[in-house]
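Shared chain: subunit A. Partners: subunit B in the first complex, subunit C in the second.
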Partner chain A sequence: MNVNAERYDAIPAASRKRRWGPRMWPYLFALPFVLTYAAFQLYPILYSFVLSLHDWNGIGAKTYIGFKNYVQLWTNDPLFIKSLWNTLLMMLMFIPLTLILGLTLAYWTFQLTRGKRFFQTINVLPYITTPVAIGFIFSYMFDWQTGLVNLLLTKFGILEEGFYWLQDPWGSRAIIALMVIWRNLGYFMIIFMAGMTVIPQDVYEAAKVDGSTGLHTFLRITMPLLRNITVFLVVTSMIGGLQLFDEPKLLYGGWSGSAQVGGPDNTALTMIWKFVDESFISNTRFGYASAIAYSLFLLIVLFSVISYRLTAPKEDKR
Partner chain B sequence: MNNRKLGKWVGGFTSFALLAGLLAACGGNGNEASPSASSPAAGGASPSASAPADPTQLSGTVKVWDWDETFQNGMIPEFNKKYPNIKVEVTVVNPNDYLQKLQSGIASGSDVPDVILGEEAYRGKLFDLDVLDNLEGAPYNFDRSGVLDYTIPFISNSRGEVVAVDQAITPAGFAYRRDLAKQYWGTDDPAELAKLLSNWDDFIAKGVELKDKSDGKVLMFPGLGDAFLVLRNQNTVSYVNGSEVDLTAKLQQPIETLFKMRDAGILGKNELWTPAWSASMAKGEFMFYPMAPWGPKWHISANDPEGSGRWGLVKAPEVGFARGGTAVGIYKDSKAKEAAWAFVQFAYQSEEGSLYNFQTFGNMTSNKEFYEKQKALFEAPGAYDEFFGGQNLSQYFLQEIIPDMKGQPQSKYDSVVDGVFNALYPLWTKDASTTVDAALEKFKTEFKNKASDATVK
Partner chain C sequence: MKALMWICLVIISLLSLFPFYIMTVMGTHYNEDLFKGIPIFPGSYLQENLKTVLKADFLHVYGNSLIVSVVSVVLATLTSTLIGYAVAKFEFKGRKWLQTFVILTMMVPTQVGLIGYIIEMRHLGVGNTLWPVILIWAAFPFGAFFMIQFMRDSIPNDLLECARIDGCSEPGIFVRIVLPIMKPGLATLATLVFLWSWNNYLLPLVTINKSEWYTLPIFISNLGIVHRTDYAARMAALTMTTIPVLILFILGSKTFMKGLTAGAVKG
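Moving on to the complex of A and B:
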């Protein structure tokens, strides 16, 4: 909007009326969005901050308790710290892997002369599958007694007895990471491929003339030129990773009424799951849950800034 | 020019209208602190009388949230035969997020049903939210002595007020495989079996015998979850006093017995409700499945459709227990309390409603009088008796299981106990070396993590 205003200032004013007219319109056209944003984004954000300073079960009276919720959350809630730790661990498992696999897959698919469309479609399918179905598929696959994975492992004599994947601290996290990778790989691939289409062919031709081939071209030309795409993917997957919820929840709560919160010994409890548990499942502490949401919000801002600083090209780091 | 001017005004006006609308909506949200004062005097047609003399006089719209649409689609036309001027509107709400939706509705001051259902998983929490009316007060004047005694704790809040009626009673025993009992124990008669399994020690001994005779192919229960739900619900001690929670009183005994069974090797390794667990019913890998009156339809015959005739019902060792169950209450700020009560009373307590309920859905009312008046109905064969080898299931529940049953006082901590157990029993299954003390300590720690306001013993 500033840019517009500057531009209009630069144009010599013809008349007062004309100046007034075009100046009002941008604001007016922006108004519906700004209002919707204020009502459905800004207001809830501010209101949840106010709520986080209260003790409230959603129905009774609200009591103002200052920053007690935050103090309790950060100093006296082992489950919250554990959920933060779990979330970071799982992010560490799936973000690098998805990036590397996505890039390799994109590069490989991009070079294909036949069946390109087919591979693209196949790889994007998981991304458009509903999370509920993914939860079911994975809990079937990794079931202790009847799961396909254990069946194969015991059949080929790799294991004597099935491994209890879903009730092992690292097993549970690895499976969740696997679910996220499986789901997002196609998306990463598509975005990387879009980035590759933008790279001009003459750069490659020039490299070829200079004698660069295969891996060298990939490392020296393709990867650096995909930097912006990578930054975008890293930052968005950081944000998405911190909000991890669907996969673990559906892996452990997919069956029926007796849903399990947090996986074995809470090793699969993510921050959002903890938030949901505090507000709706184990407790009805809306104020406390708001404090979790707000802490998460600040963490997301922090991590986004850090990941941007780490990955963005030097000239962009302002 | 004129057109542009007009356009500007229209645009401006639209924007302001939008702004006003949005702000009004937000204002509505923010005002939750002032409860609507119109609640007590609502209706006003017949303030004192417990049941209206002429049902056609009563009118209004009753909003119900239920997950069982089939039930409501059947019951509402029956209800309207007697109360033609009351309109019942049903919204289908999944039990898994029922409480969440209700809380959001109340917090935002938007849609709240007049008739609220409390499923076992969140019943204690619902009662504790203090959103249900005391049914023993006006205009309901419900009489607690009219329902089966053991059900009263299940429908009372922590202050002892009756705030709901039972959708159906849920006394439970064990569904068992007749073929396996005959093969390994020599009898499939429920009375004989009840004698063989009169206490848990006998149960474990019989389990070991079964395991040995079948070379470990047939065990007693599919998993720790099934066994524990029986043991926990048999122990109906009141373990919550305000924010003091006596987990030792509630759980020590059940965990001890559970671990005895686990160590004897008579429990399977299945988690509740998993596909493997469901499939085990038809396979004949396990002898017993805890079962309430809703079980034959939703549980046994659903998972073993070919199994007609090979199932039986026997009571649990020592004492009967309750499994599942939904309580139906009325929102305390409802604008249609009398109409809502007319519906609840008709559907779950009246003779006409209970008759329809039993004949159509197999639901058994908690109303004592009904069982006296309709003796013949329960002596006649029920819908699933054939499936259970000709055993009269409702008679067995009424005469063998209910008489010694006790109810569990409800608490908001019940769902936390449930959640912690669901998280821990797979670990106890996996690591069979866990001791009772270690398990109980772990249980307390986990409980405290989730209920930081409670003092745990």
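Moving on to the complex of A and C:
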């Protein structure tokens, strides 16, 4: 390459084009991604922002109204606030539980000498299942009359008669959280296990020499060393959790055939559900719905920054 | 202690498998029997259920889903591999900037632009077809990030230099040297994209409302609503939907897990 560069001046203009060749390639290679991203993701995102400043139903004329959509959304739409509250509540239910269960499961499986891959594979199966299937299965299992859960509970005399799981405000949220946990547990487990493989074995040996055993080793060595992985899982599941939609929608919209929006008294309405409902199902308020999407985006940025901030300083000390 | 651990592991694994089992078993019963009790053992109504499903144009929808997933996989892996190669293996002006760009794109949720995307698709005249569900995968930020990391670790710079000195053209190097080395990475990314596009529910839900273009998730959630809600048939259809992904997963469970964990361990 250097040789080429030295001779560069001596080359007549005609072949200078060929010299530009090698330097052009990386740009050409990067081009398809950049172009398709700009066309199918960046442009829609910017366009949505423009829409969020308009009052538009998708057909008629757009009216520019500035930030009125946002003001309306945050000060005068109790249903939006409720959907935000619901989403946060469900996240509070499933993120800590999935973390704890996933870590325990990973720790146990990691210690196995045989059958590691077997348990891993089985527990990841829910993660690869179609959300539609998960929605149907859970609404069947928790059905008031014929559901498996009620049948078992009444059979063993825990309940006198079936509990109306899907029509109870807290029941509905808990079931959605359960669906998310069931789906993601295996994923959390393999991520934690991947983190454990990276921890060098001699750290454990040193601990053993110092007389640390079992639970102590787990709490004092494994867990602190898995810090980065945990941060990754918390941040990504917060981002994913704020976008919760498939589970609640399929729990209520799929199985029963009725298109009940939001579950009982809207207690299962998440922000994305509200967004989709406002723009494509009950309404076509594209401007207003875009404002919901952007508010969600801001929340996601805010949550990511906060969770990075909470964890970053401690990392610097180490 | 060890025994307790095993018991817990087995119970949790059974809980993971149980819904699958129920799904498969429900597909083999007569619909109205489902509500008489818990279907624990397989029934004998599978054939009839399959008939109901097939009569509802299941194969056509299956084809749609396959087209969507296969084309998405090709598009996503192609653009991701190319940009991955550029960022990981070339020194050029704007390389740092491109890398930051990829990481930023990874953090923007697709839903933010959903409305704009759909309006754009309508303007392009492909609003109610399979295209919107496919094109969203044309630029897949996670894929690009994954490929940058993978290229960096697995392709020796010397090899590329040698090929250049031997007079191999840049596209030639990419096709003859880079792609063969990248096979495991390509397989991982392809499985992931296949899985995610196959299971995608939100996007087809809001873009496709012609039954001719339904993909599997949308088709099943609408199956048998017209005359009577046939849960058993739905379950049979769901089982058939899950099976290809299941096979893919079990065949490539090793590469698959590698793909899932790729982003995490590096942080």
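Definition applied: the second predicted complex is superposed on the first by the 280 of 318 C-alpha atoms of A that agree within 3 Å, B and C clash if a C-alpha of one lies under 4 Å from a C-alpha of the other, contacts with A are read in each partner's own complex, and residues count from 1 in each chain.
Following the convention adopted for this analysis, a contact is a pair of C-beta atoms (placed from the backbone, for glycine too) under 8 Å apart; a residue touches a chain by one contact, two chains touch by 3 or more.
If you're wondering where the values come from, they're calculated on a predicted model, not measured in any experiment.
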Subunit C versus subunit B on the shared subunit A, clash or fit after superposition: clash
Touching partner for A:Leu302 - first (subunit B), second (subunit C), both, neither: neither
First, second, both or neither for A:Asp277, with subunit B first and subunit C second: first
Subunit B versus subunit C as contact partner of A:Thr121, first or second or both or neither: second
Partner chain in contact with A:Lys62 - subunit B first, subunit C second, else both or neither: first
Partner chain in contact with A:Ile229 - subunit B first, subunit C second, else both or neither: second
Touching partner for A:Asn266 - first (subunit B), second (subunit C), both, neither: first
Subunit B versus subunit C as contact partner of A:Gln145, first or second or both or neither: both
In the superposition, subunit B vs subunit C on subunit A residues touched: C
Partner chain(s) touched by A:Leu51 [first = subunit B, second = subunit C, both, neither]: second
Which superposed partner A:Tyr187 touches (first subunit B, second subunit C, both, neither): second
Where subunit A meets both subunit C and subunit B, residue numbers: 21, 32, 36, 39, 43, 47, 58, 140, 145-146, 255, 257, 279-280, 286
Subunit A - residues contacting subunit C, complex: 21-23, 25-27, 29-30, 32-34, 36-37, 39-48, 51, 58, 105, 108-109, 111-112, 117, 119-126, 128-138, 140-141, 145-146, 148, 151, 182, 185-187, 190-191, 194-195, 198, 214, 228-229, 231-233, 239, 243, 245-246, 249-250, 253-255, 257, 272, 275-276, 279-280, 286, 289-290, 293-294, 296-297, 300-301, 304
Subunit A partner contacts - residues on subunit B that touch it in the complex: 4, 8, 11-12, 15, 18-19, 22-23, 25-26, 29-30, 33, 95-97, 99-100, 103-104, 106-107, 119, 121, 125, 129-131, 225, 269-276, 279, 415-416, 418-419, 422-423, 426-427, 429-430, 446, 449-452
Touching residues (chain side subunit A, partner subunit B) in the complex: 21, 24, 28, 31-32, 35-36, 38-39, 43, 47, 57-62, 72, 76-79, 139-140, 143-146, 164, 166-168, 255-266, 277, 279-284, 286
Subunit C residues within the subunit A interface of the complex: 1, 5, 8-9, 12-13, 15-17, 19-20, 22-23, 26, 34-35, 37-38, 75, 78-80, 82-83, 85-87, 90, 92, 94-95, 98, 101-102, 105, 107-117, 119-120, 135-136, 138-139, 141, 144, 164, 170, 174, 195, 198-199, 201-202, 205-206, 216-217, 220-221, 225, 229, 231, 234-235, 238, 241-242, 245-246, 249-250, 253-254, 256-257, 260-261, 263-265, 267
